[in-house]
Amino acid sequence: MIRPLGDRVVVKQVPSEEVTKSGIVLPDTAKEKPQQGEVVAVGSGRLLDSGQRVAIDLKVGDKILFSKYSGNEVKIDDVEYLILREMDILGIIV
Amino acid sequence: MIRPLGDRVVVKQVPSEEVTKSGIVLPDTAKEKPQQGEVVAVGSGRLLDSGQRVAIDLKVGDKILFSKYSGNEVKIDDVEYLILREMDILGIIV
Amino acid sequence: MIRPLGDRVVVKQVPSEEVTKSGIVLPDTAKEKPQQGEVVAVGSGRLLDSGQRVAIDLKVGDKILFSKYSGNEVKIDDVEYLILREMDILGIIV
Amino acid sequence: MIRPLGDRVVVKQVPSEEVTKSGIVLPDTAKEKPQQGEVVAVGSGRLLDSGQRVAIDLKVGDKILFSKYSGNEVKIDDVEYLILREMDILGIIV
Amino acid sequence: MIRPLGDRVVVKQVPSEEVTKSGIVLPDTAKEKPQQGEVVAVGSGRLLDSGQRVAIDLKVGDKILFSKYSGNEVKIDDVEYLILREMDILGIIV
Amino acid sequence: MIRPLGDRVVVKQVPSEEVTKSGIVLPDTAKEKPQQGEVVAVGSGRLLDSGQRVAIDLKVGDKILFSKYSGNEVKIDDVEYLILREMDILGIIV
Amino acid sequence: MIRPLGDRVVVKQVPSEEVTKSGIVLPDTAKEKPQQGEVVAVGSGRLLDSGQRVAIDLKVGDKILFSKYSGNEVKIDDVEYLILREMDILGIIV
């Protein structure tokens, strides 16, 4: 497993053509479309200039939307993951 | 539904050719034209370097103007939404 | 009407070929020429990293000069307005 | 008259081919050459992130040198002025 | 040996075609793929604007993933190392 | 004479082909070569975001090295000067 | 001699084809290769926005690695030196 550093999270990507249980389907237009994923690991949070560490507003299991083209891919035990920064995550599907 | 992170809001876009009840019509000139929408979800706010979280100056139901070409599109139960940052929102129609 | 957010103001533009009562005429040279307008609404002010909100140094009715090509146009009840950031406003005609 | 905002000053430009009483002549080389002017109005000063307003280190009547290509031109009662930021002003001729 | 300065670490690179004991294999896609390495030296940490020095969240022996194309190569006693900044390190393989 | 503003200094340039008494000759290679000069006036110093003014670490008469292509030229009583920012000054010849 | 300003150091460069006593040889690959040098003078340190001056984490005599293409060359008494910023120095050979 990977422990992400700082403001990073590890995300298991859900293919964008897949329809989730909550019924979200991504539209097919010219605008940038977000991608879906599930959080599998969360870093210790962003460090402010004041020296304060701010916990990431996400927990393992959260279903998220994130910006396409963001993050770094990695494969662990034949499963593909993405390492994303908190700022690349748009919202949580609730 | 989507819970937006940080300084983001979820907005239901109003097509720009549509005339709203308040009578705003967008002009047809060379300058960048704002788009209209209605706020459906509001994030926890922007985090300052001091560690202070600043609530977004918007609430669900606000009719807003935002910069064209900003935000990420997402479709939920066949309705299109935009996830915008607070800084992309110009003002509230009151 | 529009309530501008943060450091933004709503301005009723005065066409640049028009001569105002204070006698200001904009020159016809190669340099960037400012535009004139009248403030019709003022946001709550810029938020500093310290968390302090700083009131905009303008009030409704102020005649202002602002940088050309700045701001977003919007038409309300057939009147054209601009939504500008405080930083795009050069000065007040007094 | 114009009251400049923030860290801006209004300057009456002195044509660069003119020789001032203090005997400064601008050289004719490839490097960027400063321009001369006289301060006619001074803004309230730059606002620091700490919330402190810092008075501009200039007063009306100061003869200044400023970077070419900086500022915005404006004509008042047939006299041309420039609205400059304090950072574009190199020094005071004393 | 090298003592890295500030927020830098010295890393012994593991060739990306090599499969580690933890079973991580890097995928062969278009996205940027992270590289693997082992930390051999850690700097004193990043200096915040507040004057606080923040220890690097890594220790000698950590197996890490880092962004491709980051860092500076150096060879010591015929072994190749990379000098990376903490921000280029994505996570720790645990 | 010129009183430089803020973090600026006025420098009397020494032609780079000239050999100074301290025996420094500038090499003729591809890398950027510094220029020599003598400080003739010093500004009040850089203003930090905390509101503190930091005196420039230079005094009138200092022989300095500065980055080529930096600063603004000005001629006073037929002598050429440069107005430089403190950050463009590499060191003092002692 | 040169007294470097702020966060700068003066370094006597060691040609990169030379093998030092500590046995470091620089590899011949496509990645950016660091250069070696010896510190001969150290500035007073970087000034933080808080007004605190932070001593450079280097002393005269330190053998260092620094990024290629960084710094300014200068020749003193026929010896070539480089003036580098602390941020361009990767580590100390110990």
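Note that the chains take the letters A, B, C, D, E, F and G in the order they are written out, and that residue 1 is the start of every chain.
We take it that a contact is a pair of C-beta atoms (placed from the backbone, for glycine too) under 8 Å apart; a residue touches a chain by one contact, two chains touch by 3 or more.
Predicted model, so just to flag it, every value in this text is computed and none were measured.
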Practice item. Supply the minimal count of touching-chain steps required to go from chain C to chain G. Key: 3
**Study point:** Contact distance in steps, from chain D to chain G
**Key:** 2
Point to revise | chain B and chain C: spacing of chain centres that average the CA atoms, whole Å | key: 22
Revision key, fill the gap. The distance between the C-alpha centres of chain E and chain F, rounded to whole Å, is 40
Revision key, fill the gap. Here the gap between chain A and chain D, centre to centre from mean Cα coordinates and rounded to Å, is 50
Revision key, fill the gap. Each of the following residues of chain F touches two or more other chains, namely 49-50
Revision key, fill the gap. From chain F via chain G, the ring reads F, G, E, A, B, C, D
**Study point:** Residue numbers on chain G that touch chain E, as the complex places them
**Key:** 22-27, 29, 31-34, 46, 48-50, 52, 54, 57-58, 65, 67, 86-87, 89-94
Study note, to complete from the structure: chain G partner, complex, touching residues on chain E are 1-6, 8, 10, 41, 43-44, 47, 49-51, 71-78, 80, 83
